[in-house]
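Got a structure for you, written out below as structure tokens; questions coming shortly.
Chain nomenclature is as follows: A, B, C and D, assigned in order of appearance, with residue numbering initiated at 1 for each chain independently.
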């Protein structure tokens, strides 16, 4: 095991996958969240229920989707429903245990920005926008955010509040893991193997508090890495 | 033709069928309205679009359905949708040209009662209730009511207003046809062959006004009667 | 998950519950309703858009305290005599009514399935219906000022439906006229589904609705469990029975005797689906 | 009803119209969007939940005055450079934005399709989104007093979608991921549908949505009309093109040259579906 090596993206994905319990119902965004959810389903959580906002419920993709609307998701789903139905009957009604979000910025309270960097009317960077995030963040039992950590992405206060941090239970980054304290402020609770706290502090745009119970992420197992790498080779493939 | 004979129900059904134009979109209740719509589709209105509140759009039943949920309606429809969708996306959105209603009571203003005879809390007769009627009456381009005429069914004021008469364009009875004047009061505009005005007056619970342009219903044609009788023999049959 | 009819009803239907046995002529859950009668449940608030012969039986047997509905009749035949007897003569006991239009009931289920306290529609306007329920109100559009109608969400304690198939995990598939069943199931706290058969795999079919096992409480194999209603692809509607019900149900003692013979007196071993 | 692409766009898309070209990754109506560019439409308000490469092209060619949307990116790849250039640098002209969440947009279409002026949801709460649009408001439940969110109905002048099949009467069938297309079509004043093929009869298929001809304005046979998106059962998504678009679109002149070659310079006789 000690001879294994992995990239920051790989350990971030595997740490995210571990957040999912078997038989969780999970609302999955495309990209790293989808990769993590599919790793979980192939390892410790075979009964994980994947819901994609395109309307596929219980998708069991044999390859890794490139987009949220890949045909593979429809072909392997228990049910395909309309987009209004997925948001109203499934997400809003509180049937989803875990929401999985990415972000451009996150702040110490767990609020997320995927809208603009800079003033709304004259932004320096126009980001894609809200998508499903505001209601995923408000309706799922718990919310996991996956984001690369840097002083640019971890800010004291997001420039635009696209979705709220109230239900954020865990933030998984390429450096470690953060969880909110009772007041809702994100604390560092785990570092990945080989990452020191000073590195994480330097990559955080606020005075980061470290949990008294700081732990280290267990290294990826051979199985986890094999599953992840094999899966990524299939991205966007049509079966 | 003059040797033909027909029952009061038959001429009522055929007169109702004649109210439908080819390519009308028609929201059909079960019973006589459904029979009339299916006669029209087999005679002068082959492109009539039949919508049943069970969710079948463009049903082309080969037999006459006994209930609104007969399998024949689903099998022959262009589309089968859910009940909420049929009411919200199709009826409420104003996509239906003609609504076809039956009633236990109708009054001079065209308001309809299918709820109770007598006081609501202690009714003499408890009727089935509203069903789709309130929204059919409010949302269709025009509304045709089919009802047997008597002093008991044609009342000055309905005991319970189940649906409004505002959009009622024609009332077809076993005696003739009534249409609203500009003030909304139903006038006698047609009598069926062999029916005199005095008979209609006696079967009306208010002082009935007769239209200056009173006309007589054209007798059923051989084709109409043949189509109707053949159709009724198939009621509830499974193809 | 997959259990017997007796167990499913025992675990999910309690005295005083609000219970929707939904279906729109097609797929009426008769067998499940009969089991509720056999188990002697009381004080139920029954909910259904189109209460028909099954509800006539439940009401006549004194199971229901209240009925929430939009159209109560024997489709294509006429009145429900037990329903009328309860409303007109309080027999076997008074029946409280709350009635709506179909559009109102459908949207009440939609609100329930959506986790919202109410839904908006154009409906009920000018009718005498709102005067008799507190679950209909006027609401202003915050953008245009137009006045519309709001209906309160329906969230039954338990919804019971009949479907064609389930797989061994308890995922359920129904097709043909599927009415308001998806919404009724998703609006409820618990859901029980009887099915014609349990199969290894649910082959995709045109027009099919699939309800995943994880939104259901119990699934029971009850072949013919919709009779005299029908299951598209499995059986046809027993129209003769619906017509016969008119005379069976007209007289109180004849009704009771029929229920004794056909429902109460059916031993466990003869029950629809008891071997499942 | 069944016509050419040029005719369908000419008759149904006017300068200044509000136009929704809908699709959720699957069935994006690229060919129809390209025809809008070729016909030189101006001042359009473009509407879509997920504006992607096609909207990048429309915006970069100066077709749009305003965009109403919820997520604008190149799925699985990254930014839309023409969209960003318009918002960040007003090139080729300023682009007004009105943005929502997916749930908000979906419900705005639902309200439009239902003939209602607004829809209710739990959404937007606490976010900065409502500060930038007048089409989101708070609304109180008339039964519980709970505060919820209202969104104004979306009713495009015209909605354009791509589907798999139509029959000769113009009834349209689509399946696979069908997204919000049904609602977008039913919410619009007019609707144009391009299809992979026109067939004698629409065989029922699992998961298929059928839109009857009488709610549509024009149907056009355009095989491959969703490329580089895909049509489930007919083609697969050209992921390589989506990846290539990132570099094609990064530079203004390279973008214009690509559009000249691949869209503007395509003679009528070479057009997708021109022979239909």
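For this structure, a couple of remarks:
Following the convention adopted for this analysis, a residue touches a chain if its C-beta (ideal position, glycine included) is under 8 Å from a C-beta of that chain, and two chains touch if they have at least 3 such contacts.
What you are looking at is a predicted structure, and each value in this text was computed from that prediction instead of being measured.
Chains touching both chain A and chain C: D. Chain centres here are means of the Cα atoms, and by that rule the chain farthest away from chain B is A. More contacting C-beta pairs link the chains of A-D than the other of the two pairs A-D and B-D. Centre-to-centre spacing of chain B and chain D amounts to 41 Å, using the average Cα coordinate of each chain. Centroids built from CA atoms put chain D at 28 Å from chain A. Chain B has its Cα centroid 57 Å from the Cα centroid of chain A. Touching two or more other chains at once are residues 88, 92 of chain A.
Shown for chain C are the residues that touch two or more other chains, namely 114-116, 121-122, 182-183, 207. Under the stated contact rule, the graph of chain-to-chain touches falls outside the line, ring, star and complete shapes. Inter-chain contacts, as defined above, occur between A-C, A-D, B-C, B-D, C-D.
Every residue of chain B that touches chain D in the complex is listed here, in rising order: 23, 25, 49, 57-58, 78-79, 88-89, 92-95.
Contact residues of chain D toward chain B in the complex are 113-116, 171, 182-183, 186, 209-212, 214-215. Those residues of chain C lying in contact with chain B across their complex are 24-26, 49-50, 69-73, 75-76, 79-80, 83-84, 87-88, 99-103, 106-107, 109-110, 121-129, 132, 176-180, 182-183, 207, 230, 232, 236-237, 239, 242. For chain C in complex with chain D, the touching residues are 114-122, 134-135, 137-139, 141-144, 146, 148, 150, 152, 204-208.
Across the complex, chain A meets chain D through its residues 30-31, 53-56, 66-71, 73-74, 80, 82-84, 87-88, 91-92, 115, 120, 123-126, 128-135, 138-139, 160-164, 166, 236, 238.
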